[in-house]
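Mind having a look at this structure? Questions to follow.
Naming follows writing order (A, B, C and D), and every chain is counted from residue 1.
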Amino acid sequence: MAEIVTLAEAVTELVNDGDQVALEGFTHLIPVAAGHEIIRRGRRDLTLVRMTPDIVYDQMIGAGCARKLVFSWGGNPGVGSLHRFRDAVQNAWPAPLELEEHSHAGMANRYVAGASGLPFAVMRGYTGTDLPSVTTTIKPITCPFTGERLTAVPAINPDVTVIHAQRADRAGNVQMWGLVGVQKEAVLAAGRSIVTVEEVTDELAPVPGQVVLPSWAVTAVAEVAGGAHPSYAQGYSDRDNTYYQEWDAISRDRATFENWLTEAVLA
Amino acid sequence: MAEIVTLAEAVTELVNDGDQVALEGFTHLIPVAAGHEIIRRGRRDLTLVRMTPDIVYDQMIGAGCARKLVFSWGGNPGVGSLHRFRDAVQNAWPAPLELEEHSHAGMANRYVAGASGLPFAVMRGYTGTDLPSVTTTIKPITCPFTGERLTAVPAINPDVTVIHAQRADRAGNVQMWGLVGVQKEAVLAAGRSIVTVEEVTDELAPVPGQVVLPSWAVTAVAEVAGGAHPSYAQGYSDRDNTYYQEWDAISRDRATFENWLTEAVLA
Amino acid sequence: MTGTSVETSGHAAHTASEMMSVAAARALRDGTSCFVGIGLPSTAANLARRGHAPNLTLIYESGALGAKPDSLPLSIGDGILAETADAVVGVPEVFNYWLQPGRIDVGFLSAAQLDRFGNINTTVIGGDYANPRVRLPGAGGAPEIAASCREVFIVVKQSRRSFVDKVDFVTSVGHGSGAGDRARLGLPGAGPTMVITDLGVFRPDPGTAELVLEQVHPGVTVQQVREATGWELAVASEVGTTTAPTAGELTALRALTGGPDGNDG
Amino acid sequence: MTGTSVETSGHAAHTASEMMSVAAARALRDGTSCFVGIGLPSTAANLARRGHAPNLTLIYESGALGAKPDSLPLSIGDGILAETADAVVGVPEVFNYWLQPGRIDVGFLSAAQLDRFGNINTTVIGGDYANPRVRLPGAGGAPEIAASCREVFIVVKQSRRSFVDKVDFVTSVGHGSGAGDRARLGLPGAGPTMVITDLGVFRPDPGTAELVLEQVHPGVTVQQVREATGWELAVASEVGTTTAPTAGELTALRALTGGPDGNDG
């Protein structure tokens, strides 16, 4: 059964140096506040996993939390590049960043395998691309019935997965709706999970398109209203498109970024 | 885009002798009226696919539609055995019935592979059971990353899948809710599909727990109110538990069954 | 022991079938999760949730996670399951995301035939597979429930027909051919840890994995159990007696099933 | 041909970028389905749906099937997509059930680098993979969109930097090393059948699969296109001229993007 705790308690207890950590949320419901808490707690040597490392991972990489990134698309959606991510890859600043690079389909299937208790998933993908030559976690597999050649990718089983959702009830059952991405799979694939929510309510009135994660499948729930900003929580907030554009300027320069980090996160 | 037609038109046009046909619906939303229409049209040599062949397949097998059954649990839920199914297997009446027998997990994964455009699915299953010795569509497969031995099952891609849903709109978008079983996968795995619905409406108001099949993923929609009886359609009808019990007596004896067939289906 | 009487002091009269359901229900601990097989297990699991285990999470293969039916579902896909569930998921998801990874504490199954190592047959009896004497419904969800749940409870009406030395067909693996077999097969769960019948309660011997009679129900003798067992039954050095159903348990059970001869789920 | 002017008789003045979006939008047929990549393709697809293709089904990798946004989504995961979609599904489902089996008519992609066979690079430019000169965002959904859709349209701003003889990294396969390569690789879709830039329109040669200039936009010369191409460009024997954007197309486009310099999606 999920415990309802503060975000600081959840991160302190459940995210350790060296962990493989997945923060998921596909444009919608990105757990940004939790990412900032991981920065504040000074976690290091993390293997960060995320299909779409965007602003929050740019921040965590720039803050020096990450040793490795497992991902499929690292950009500032609708704006351009991630400058802290680029600086880490191109100049090893603030630290070298190892990459394990997949496609969205590959990452999604790796989470599915992880959630399913399987060591790998089968897909049609990567064929003819240069990705298998740089990513060792892409291998061929042969159908035992037809002899057809397909692609296998290994399960992702993060030590801890962090997501943001609209609501939880007091028993720790979690409810989200709108674009639900790969969050269910990421939580079920993980050893531990933290869910920040817009609000904890007495009842979870059913909502069309909802995904419910039962309390017994979640480790910790923390109420963090606005915890997805500048991303959004459908029914609670809108995407702050201006912030995404502003991030381009903040992140382009190391000093500007470090000022932002001090003032906006660490202060 | 799905065409809205009569059930007779749909079955006449889309179900052919010798086809592999899946009628799905897991206790809920069983397309019984469509099964009766297939009997009325006199279809023969069908390979019938269904996780839980229950009353409707007992009827189709007794009526002589089937050459082969691909399944995982053939019983009268809450009541007992299927007598027409038994008579076919034990006494080849009215015709021999070839069996391809799986577990629920295996059948579900076969539909998932079919819906995913993959030739097979990987699962943990069947290990140590006698099923692989009688079912050739169960094979071992080795994880290319860990070397672990798992089980592979081939995709099911029915020529035609038939399901029952609560509603469709006039464009042929289909909406169902409650226990949604494996119907989405069965439709997406099939070459053609028929969906009977309780009603065709102007709008599909969103419903919690809904599954929507877009019109362009469906071949034909037919309005058949009560088309799941004695099964039920959540929000429209209750399960007719008495009928399931009565079926035991109707089906136990060949003559009684044939009378029922003449009066209730063919008349 | 009071012979065949099922009336014990301080307890209401009950049938052997009711004793079985009550004993099976008691086996479920509060706060755990239970993957509920069709038939007798559903009766027992719902009885447990009405009684000592209000926080028992019921998972049905029809996709209802955390179902809280207020009447006994007649099938594993009744509407009441979806209406009262914490979450409703598709059938592939319930098997792949919830059962397969070993998240569920107890798999609760029934059987047409059960053997001395707790292997289950629900496929064919007699003859051979292609020409059976009796064709049974088949596997359903049981093979993977038996493989993946942390432990398995089996509830079955006992007779020489159902309690056999070796099942005619292994539909779902218990302890295979004996101790260590599950580990050799790579089956993740502990397998059957308890078998509850209308006569008594059995657990596998830790050394051999063979079922051992540990408990008889009130009014049942060890000799009666031996006579209803199709192999030379191992009996614990001290055989206990099941506490008879309390009035509260019987009332709850009859409310669920509609009386002593009611539906078994 | 009117040199570099982009004002043509009967048509409003437009920028090269607007011509590209309009030409890309026109390529989409009504009643088909389009898997919409991030960036320029989203602008074009939404413009098509506002104009000649009201029954174009837009599929976004964020899980929105049949999205009908009434303003241009700034990202592929904007709330407007879920709110207006026929169905919303999880990300694994959109790739596994909807894209992978080849259900989608057109995959609409952009590129940082594109080569003569329509192969796409969005991974790294210069240096090598471990030490690139420029690190790009990476693959996203593109490799499987390029593999599985029935055909692929690519929209890209053309220059010698983006139109190269051979991409530095094959992120998504176009026609590989030439005709027949997709079949040899077992890729189900037809691959890129049209490339739309701010200068013109290209199609693969049926014999060699190399991109051939078939059409220049109003005011653009073939020589200009050659100069913006990083290989010896093949040119069709008869090069057509794209019809300039109509006033209606421009109005719709500017309403979407907020003006001639608006967001590209």
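Simple rule for what comes next: contacts are C-beta pairs under 8 Å (C-beta built on N, C-alpha and C of every residue); 3 or more make two chains touch, one makes a residue touch a chain.
From a predicted model like this one, the values you see are computed outputs, not experimental measurements.
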Neighbours of chain D that also touch chain B are A
What is the distance in Å between the mean C-alpha positions of chain C and chain D?
59
Could you tell me the distance, in whole angstrom, between the mean C-alpha positions of chain B and chain C?
28
Distance from the mean Cα position of chain C to that of chain A, given in whole angstrom
41
Could you list which residues of chain A touch at least two other chains?
117-118, 123-124, 148, 184-185, 209, 211
Touching two or more other chains - residue numbers and ranges from chain C
96, 100, 148
According to the definition already given, which pairs of chains are in contact?
A-B, A-C, A-D, B-C, B-D
Hey, which residues of chain A end up touching chain D in the complex?
26-28, 51-52, 71-75, 77-78, 81-82, 85-86, 89-90, 101-105, 108-109, 111-112, 123-131, 134, 148-149, 178-182, 184-185, 209, 211, 232, 234, 238-239, 241, 244
Touching residues on chain B, where the partner in the complex is chain D:
1, 115-118, 173, 184-185, 188, 211-217
Per the touch rule above, chain D residues touching chain B in the complex are 31, 33, 57, 65-66, 86-87, 96-97, 100-103, 148
Chain A partner contacts - residues on chain D that touch it in the complex:
38, 61-64, 74-79, 81-83, 88, 90-92, 95-96, 99-100, 123, 129, 131-144, 147-148, 169-173, 176, 181-182, 185-188, 263, 265
Where on chain B does chain A make contact in their complex?
117-124, 137, 139-141, 143-146, 148, 150, 152, 154, 206-210
